Every structure is written in C-alpha cells, then in structure tokens.
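The next part holds the structures, each set out as structure tokens.
Look at the two complexes coming up: subunit A is in both, with subunit B in one and subunit C in the other.
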Partner chain A sequence: MSAYPLAAVSFVLFTLAAAGFLTCGSLVRMLMFLELMLNAANIALVALGPGTVSQAYAVMLFAIAAAEAGVGLALIIALAPVFKTLEAENIRELKG
Partner chain B sequence: MIQEPLSYAASALSGPLLLVLAAFACLLLPLFFRQLRGTQGLIALGATLVAITFYRKAPPAEFSFFCGALLLSPLSAYLWAFALAVLALVLVLSIARPAAPEESQGEYYFLLFMAATGLMVLVAAGDLFTAFIALELLSLPLYALAGIRRSKPGLEAAYKYFMLGAFGSGMTVMGIAILNALYPALTFTALKTGPAQPLALAGFLLVISGFAFKTALVPFHMWVPDAYEGAPTQVSAFMAASVKAGGVIVLWRLFSLFNGGPIHAIFWWLAVITVVSANFMALAQKGLKRLLAYSSVAHAGYLAVAFFGGQRGFEAVLYYLPVYAMATIGAFSVALLLEKDEKGPLIEDLAGLAKARPWLAGAMSAFMFSLAGVPPLAGFFAKFYAFSGAVNSGYTGLVVIAVLMSAVSIYYYLKVTVIMYMKPAAAERPAEAPGMIEAVIFLLAAGVILAGLFSRPLLILAAEASRWF
Partner chain C sequence: MIIAAAVYLFGGLAALATLLMLFQRDPVKAAMLMLAALLSTAGLYLALSAQLLAALQIILYAGAIMTLFIVALTTTPAAWRDKPAKASFTKVLGLAAAAVILTELLKLSAALKTAAFSRAFSETGTLELARALFGRFAFQFELLSLVILASIVAAVALAASSGKPAVQPPAEKKEAA
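For the complex of A and B:
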C-alpha cells in the first residue's frame, strides 16, 4: 500500500484536531484533541519516514504522549474540586 | 585519540546524571529516613554546586555522541554552567521561602531537577527529535511546578501553560514528522544540506512555531502573563531564565540553517511583532510579576533581532542570556520578598521602599535599568551587541524599530523606580531582618553592575563558546 493515503489521513486528522482544540471549551475535550494531534503526527512519522529510525521515534512518541496525558489529567483532577467547573471560560482568576 | 572524547564525555555527562540522581534522592530519601525531612533543599543545592564544578574546564573540541544526537563542545559547557547557575539561584530562593507545601517538598525539588536536566539536554541537542524530547522533559515538570500549591491562581496558570505548551509540542512533532519524511536524518547538519521544498517549508514552520511557543514570541505568548503571575514566584523566575534560553538556542540552530529566504522573513516579522506589541502591552500592567512577564516577551523579541547578526549576533545572544537571567531573577526575588498573596505584589506596593529599605530599592533599580538597557549596566551592553550585529548585516530597519520600542520600555521600567523613590508608603513597613533572599538579590545586583562595568570577561567567554556552534 502506498504511503500517501496514510499521509492524507494524518494531515486531515491533525488539522481537525488542531481546529477542535482551538474551538472547544472543555478542558477534558481539549486534552483529547491534544492526544489526537500527537497521534496524527505519529501516523505521519511511521507512514512517511524512512527506515526503522522513524519507528523508533514513533515508540518514543508514545511514551511522551502518555506522559503528557498523565500530567494533563493530573492537572484537571487537581483543578476540578478547586474551581468546581471544567469549562475554560469559567476559570478566570487571573486577569487576562 | 578515542580515549579523550570518551573521558571528556564521562566527566561532562556526569553533570546531568548527578542531577537525575539528586532528583531521586530528594524524592525518595526523606520517605525512608524521617530525620532527612526538610533537608531536601540542602541536598539539592549541594548536588547542583558539585555539578557546576564539572564545567570549569571546557572541552578542547566538539564531540558528538549517539549518531550526532548530543553535541558536547565549549558551547554546551558554557550553557550548562549557565543552566546550573540558574538552578542554584532558584534553589536558594526555594530554601529561603519554600514554594511548595510541606508534604510536597520532595516532589518540588524532583521536578525542578528534571526541568534543569531537560534544559541541559535541550541546549546540547544535535538533532531535532532529541531537542523535542528534551523540550518535553523541560516543560512537563514546569506544568506541574506551576500548580504545585493547588491554589486557584497556581492551577489556572498551570492549566493555561499546559494547554498552550502541549499544543506547541503537537505542532513541533507534526513538523518533525514532515521533515523526517523529506530528509535523510534529523540532525541539524543533515537538515542544512537538504532540498528546500514547499512541504519542507511547512515542516520548518510548524517546528519553529512550536519552539516560539516556549520562547514566548508574539503571537505565541498568550500563556506567559498568566503563567508567570499564577505560578509560585521562584518557579516564575526559573521559567523566565531557563525556558527562554533553551528555546532561543534551538531557534538559532533552525535560523542558521538558512541564508535568507522565507524562514528569515518569518523571523523578521516575529521579531518586529514581538518587540512592538509586548512593549505596548507592558505599559498598562499593574502587577509586578505581570510586568516582568511582558518584559520577558519583549526580551525574546530583542534576542530574535540579534539572530540577524549572524555569528556576531549569536555571540551577543550568549552574552545576553546570562545578563537577562541575572536581572530578571533579581526582579522576581524582589517580588518574592514583597509578596503577600500568591499573585505577587502590585507595582503600587513598592511605594516607599526607598525610605524603608534603601539598599533593596537600589538593587531593584539596578535590575530595572539593566532590563531597560541603560548604560553602564550589563543590559545596555547586551542590547548594544545584539543590535550592532544586526546593523552590520544590513538590517537597519529592524534595529530602528527595536531601539524605538526599547525606548518605550524605559517608561514602564522607570515607573517602577519612580514609585519606589517618589511615592510615600501607604502603610508603615515592618522592619525585617535580611535573609537569604536579600543575599541573592544583592549578589545579582552586583553581577548586573559588574558585568556592565567590566563586560570583557563574560564577553570573551561568550565569544569563545559561540565559535563552537
């Protein structure tokens, strides 16, 4: 199978995820879109990259995505009882 | 022949390894030995000071390790010494006034050490993927550190920093995936020789915008004011001095891959927009930490202007980073000393400081004048070298804008000084015995003044390091 359909999938997925991240207001959904962005990049790495190095990169990227999700979820869990909301527009303690 | 790089690498790499070891020591030892509780800060400071001694001697040449993923050279030795010095200062501030609650002291130092290790790998990274992993190692602990107090301002700062920082990482990694498809390898040397295709341009744009998020160039700066204001002041000082240094070094490596062309045009616009908008936005700020945040964005712009000076510009960047770090950590320490709630003092709260504590006010004015670039303080020479390199390369228009905006910045830096000296205090200040924070402040004030009056030694070090780029 040619790599180009996969590349197209990855680019479309990345664009959708970035657009979703910028438009949605809930923290959990933003975190999910972030993970989608990283996964789209992972598809591009494996589908387009030359040789085994790219696959090694992809495996390392799994670990990074997991660490990011961990920190993000921990932050959200710490944030929820303090602010009693997970909508970004209601979290406004600092003057923006 | 083989022996020498290996033995040098062993001694150089023991610096970051020692930090990792100390990080785990701070995290785990107090759990097993009750009497060690509360001493994590001292363990941390000791380890950092030992690590600094590894970099007294720079290596004789550039050694590359792990297929070019890690470059050890006089440049990396210079930047590692800088990173460790910043870490040591922040540790002293955190020992004097703990940023984290009692039960998470161990985690606090662990995260700080991990971030410092990430910074050290980031500035020595020889390929783009290593740079990305190091960037994550630098940022992920900082997200957690910003919210370590679990209070409203801290958590809001942490979540804003996390969301925008992670968005930037997503863009970087997509750019890396594109470049990985087009180039045989991701080392900076391989990227230099490759073909310039439209798709490669898109990849570079994504990577650059990702790193611009971390360096806080406008329009990627939205998180900076909130993150700096809400995070514990010690952490804000670390963010301002270290994350910027790491981002700037990688941006310079990307910038110097090209000779003119669209990428340089983009950097030109980034520099102009950053310098202009950050200085104007800073004019209206009321909080001291928020003012320093916008000042940090503006200084990222001046650093981007320095890129256009080529090799001399990079020399200026290397001189600029420690000078800026001294002034900004000093100013954050003053904010730490005066803060009553978590958002830090307002600029108004500085009123009457000159009467109550004249030495402190003097040190704060030194930091402000250095940030503004008033001679003979170090900040003036840093800006002078940064701008003169760009003028020599023919970017006069850019430098004219930067100098004009730098004049605008004098207004808000001077406002702080004027309030300290001219305005009477609203309430009587209780007399306080000087402590370790004051020691840091006076050390940094002396550094800012001496690095200006005698700029030669630091400049020679920077020039020596910049040749190994």
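For the complex of A and C:
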C-alpha cells in the first residue's frame, strides 16, 4: 500500500475542518473545527512518521489538544454572558 | 489488503462526518457528527496498529473533549447560539482558501505516491510506545503535566462564576472612562 492515500485522508480532513473554521461564525463551532484540524495533523503524524517516535509525539499532541479545548471553552463561557452572543463577528471589542 | 480497506473505510467515514458538519446548523447535531469523525479516526489508528492512540482517542477526544463541548453548549443560552446570515463573500473566500490549502498539500505530497507504507500490523506497538514515553521522551512527557496544570488553572480562573466576571463588558468600561 502506498503512503499517499494515508496522507490524502489526513489532508482532506484538515481541509474540510479548515473550510468549516473559515466559513462558520460561531465560536463553539470554530473551536470544534480547530480540534478536527489538530486531529487531522495527528493522523498525518501517525501515518507518515517513523513508528514509535511519531506515536509518542501524537500522545503529546493529545494532551495539548485537551489543554487547548479546556482553555478555549472556558474563554467562550466567560465571554458569552458579557457579549450576549457566540458569534465571532459580533465580538469586536476585546480590549480597551 | 485488509489494512488498506480499513484506511479507506474509516478515512471516508471521518471525511463524510466532517463534511456533514459543515452543513449542519444545529450545534448539538454538529457535535454528534464530530464524535463520529473522532471515532472513525480511532478506527484509523487501529488500522495503523496504534492501539494505545486509538484508546486515547476514544477516552480523551470522544470522551473528555466532547463532554466539554456539550457542557459549553448547554451552559450558554440557546438564544446566543442562533446564527445570523453571514455575508456569502466571506464563505466563498473561506472555501477558496481551503481549496488552495488542499491543492497545495496534495501537490507537495505527490512524492509519497512512490513511497510504500510497509509497516506491518503489530500487537506490541503499545509496549514500545510506553518504553519511548517513559524512557527517551520522559522529560517532554512530564513537561506536559505542567501544560495541563496551567490549562486547568486558566480554565477555572476564567469560568469561575462566583465573584466578579473575568471579562468586563465593553459598555461598562466606556462608562467608567
């Protein structure tokens, strides 16, 4: 089996997630697509990297993805009652 | 042959779920589609003989992170989740950027067409991975606990509902100024 289909699967997943991230306006959905982009990068790492080393890096990426989701959702939960919206377009002022 | 079939099956399922997510307006249904994509990825890891990663994918991504998303969706009122119609120009621009990204990635990876994925299915991958994580990568692995600790502290500080809010509304700031 060629390595190309594995790379193509991860690239297609990454692109679909990137398209969702760029086109949707809701903060929660953007964070969901961001997680899927990380997931696609993880697939590429496991599929194309050298055996055990790439899997070790993938485990570390899991932890980073979990930390990112935790902080991101906490930010969203803190921002939502203040701005009364979850649309990124309506949140224009974050400082000052 | 079986591995190739599993890669196509689970990769196709994950891509289909992500594609359906793009057109799903209901955020809870979108979260369920994301769950399907994450579970398909776990199957993909199994096909690549990364059993520990498949288990972690189910426990961490499909379990913990999905629970976080569902909690975030249920704690924010539904009225704030309604979607106003966005300018179609922005959507077209986003889709065009994604298409450019895919074209470039596939062009760059053309060299992989000749590279063979020759890794055989192995059942001892987890043992080797554990040896690597607690041997060669022990320092990096332990540093991750600091990352997790920092994110927990940040999340608790941001989302603490008691006391004054972590983020001040802009209107109040203007009045104070």
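In this section, the second predicted complex is superposed on the first by the 90 of 96 C-alpha atoms of A that agree within 3 Å, B and C clash if a C-alpha of one lies under 4 Å from a C-alpha of the other, contacts with A are read in each partner's own complex, and residues count from 1 in each chain.
Keep this in mind: a residue touches a chain if its C-beta (ideal position, glycine included) is under 8 Å from a C-beta of that chain, and two chains touch if they have at least 3 such contacts.
Please read these numbers as outputs of a predicted model, since none were measured by experiment.
*Asks:* A:Ala41 in the overlay: touching subunit B, subunit C, both, or neither? Say first, second, both or neither.
*Replies:* first
*Asks:* For A:Glu87, is the partner it touches subunit B (first), subunit C (second), both, or none of the two (neither)?
*Replies:* So A:Glu87 only meets subunit C here.
*Asks:* In the superposed arrangement, which partner chain does A:Tyr4 touch: subunit B (first), subunit C (second), both, or neither?
*Replies:* A:Tyr4 sits against subunit C, while subunit B stays out of touch.
*Asks:* After lining up the shared chain so the two structures overlap, which partner does A:Leu79 touch, if you call subunit B first and subunit C second: first, second, both or neither?
*Replies:* A:Leu79 contacts both subunit B and subunit C.
*Asks:* Based on the superposed arrangement, let me know which partner A:Met32 touches: subunit B (first), subunit C (second), both, or neither?
*Replies:* second
*Asks:* Contact-wise, after the overlay, does A:Ala18 reach subunit B, subunit C, both or neither (first, second, both, neither)?
*Replies:* A:Ala18: touches subunit B and subunit C.
*Asks:* Return first, second, both or neither, reflecting whether A:Ala67 touches subunit B, subunit C, both chains, or no partner chain.
*Replies:* Both partners, subunit B and subunit C.
*Asks:* Per the overlay, which chain contacts more subunit A residues, subunit B or subunit C?
*Replies:* Result: the larger residue contact count on subunit A belongs to C.
*Asks:* Take the contacts of subunit A with subunit B and those with subunit C, and give the residues found in both.
*Replies:* 7, 14, 17-18, 21, 42, 48, 53, 60, 64, 67-68, 71, 74-76, 78-79, 82-83, 93, 96
*Asks:* Quick check on the complex: what are the subunit A residues that touch subunit C?
*Replies:* Spelled out, the residues of subunit A in touch with subunit C are 1-9, 11-26, 28-29, 31-33, 35-36, 39, 42-43, 46-48, 51-53, 55-56, 58-60, 62-71, 73-87, 89, 93, 96.
*Asks:* Can you list the residues on subunit B that touch subunit A in the complex?
*Replies:* Answer in residue numbers: 129, 133, 136, 140, 143-144, 147, 150-153, 155-159, 162-163, 166-167, 169-171, 173-174, 176-178, 180-181, 184-185, 225-226, 229-230, 287, 290, 343.
*Asks:* What residues on subunit C touch subunit A, complex-wise?
*Replies:* 3-4, 7-8, 11, 14-15, 18-19, 21-22, 27, 30-31, 34, 37-38, 41, 44-45, 48, 50, 52-53, 56-57, 60-61, 64-65, 68-69, 71-73, 75-76, 80-81, 83-84, 86, 90-91, 93-95, 97-99, 101-102, 105-106, 109-110, 112-117, 119, 125, 128-129, 131-133, 136-137, 140-141, 144, 147-148, 150-152, 154-156, 158-159, 165-170, 173
*Asks:* Which stretch or stretches of subunit A touch subunit B in the complex?
*Replies:* Per the touch definition, subunit A meets subunit B at residues 7, 10, 14, 17-18, 21, 27, 30, 34, 37-38, 40-42, 44-45, 48-50, 53-54, 57, 60-61, 64, 67-68, 71-72, 74-76, 78-79, 82-83, 91-96.
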